[in-house]
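Data block below; observations after.
Lettered A, B, C and D in written order, each chain numbered from 1.
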């Protein structure tokens, strides 16, 4: 149910993105994104912003899985290392794990893969700022 | 002329991006990107991947301005700090400055602004790997 | 006076560090650190942790200059690009500039130089978490 | 034997650091560092540069374990997220894993712990530049 609620929330929030939430919970998430021509770069590879966007979404979903859909968390820092050339004809898969979930900040890391490959194409660490809970709620 | 050549190169290389090269040279670049609905996120702000993509392009253009159009440089690391909410109804402007241009690696930083504002919406540092020159050329 | 107060505060807080606060204020700081044998690495260069420590101190001083000596800010993220080999026989100089000073987070960047050189040896961006003000104070 | 050779190399190269190499190989390393007064900061916590230095050493050792002791790799980028306050009275342990080992660049990540704790105090990703092999050797 929680996965369904988060999927619905992501579809409404990000209608343009073709991101599918595979799993969420236990301080982690797994997302999958189909790759089409709009994501490609010259040389037949997936663009950097596509990779960054998927990693950012995976962090967001993992945080939503912990704090619920009410809060509006925002990314404050993202650091990405590009490791290998992604396949142009395969979906991307993101595996996210939160390594800190504080009251103010959440930090997580994400490995990105071309589907079916064991070698990550990129590694991301990101920080989200978590808004304070409102009094009276 | 160099700016024109780089503009032409960027248009051919990245036909989807609506990026305009304003200046290039002297180890820097300035780029401008129109923002439309496809770049927006819930809350009426510009998406993180849009910011990252523009910063990445600004670094690339600045490097092309120094080493020429022949080489195929690739991003190896990008670190972005999101500072303020970008305006949904204004173009983005990127100001890039290279702080190292070595034989193997180039490092630069980029400030991103909503056009007309003095306060940056994001700050990026990035590293590009520069391919070795081929013998005989 | 403010510079003197911050110098005194830094000397008491970090008695081991040989860091001198040259300037502070206007959302920036400049620090200087003498280099001795304890800071060197094989190959006659200054160690990475020495560079990182000085940059971290420069960010801290710049923040203190804005929010005063009472608060206890802590580093949450530091990203450093090593650009050139520092001179083993010259002091280090750090030039820091804050690019965001929010209620919760402050972000700044630091250029590090071997004294007398125009080319930076490293570039750092860092984020500090600023503790909330206490009621009644 | 390889671990012994790397231990000996680290002791000679970094005589000031109290770093012990626990394991190395299989694209990873584990290091341990005793904490004494010189590593502490006001508030009874371990200083940021101490954490960064240990992570940097763990990356270096993991790379040496793969490419041997001859090469002179240098750090080009280090990104650290400070997650929790380290214990002032416990040793630090670093667990490093390389996520890319290319001809030119190696990238790895490091989790830092206060000994005996399951929760990391910091997470680091770092990039090393690997020097080209010389002809004739």
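Rule of thumb we're sticking to: a contact is a pair of C-beta atoms (placed from the backbone, for glycine too) under 8 Å apart; a residue touches a chain by one contact, two chains touch by 3 or more.
Since the model is a prediction, treat every value here as computed from it, not as a measurement.
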item: Chain of greatest Cα-centre distance to subunit A; value: C
item: Chain pair with the higher count of C-beta pairs in contact (A-D, C-D); value: C-D
item: Rounded Å distance between subunit C and subunit D, as computed from the means of their C-alpha atoms; value: 23
item: Gap in Å, rounded to a whole number, between the CA centres of subunit C and subunit A; value: 33
item: Separation of mean Cα positions, subunit D and subunit A [Å, integer]; value: 28
item: Multi-chain contact residues (two or more partners), subunit C; value: 76-77, 79, 81, 127
item: Contact footprint of subunit B on subunit D as seen in their complex; value: 76-77, 79, 104-105, 127, 129
item: Sites on subunit D touched by subunit C in the complex; value: 13-14, 16, 38, 41-43, 47-50, 52-53, 56, 72, 74-82
item: Contact set on subunit A toward subunit D in their complex; value: 79, 81, 83-84, 99-100, 107, 109, 111, 120, 123, 125, 127
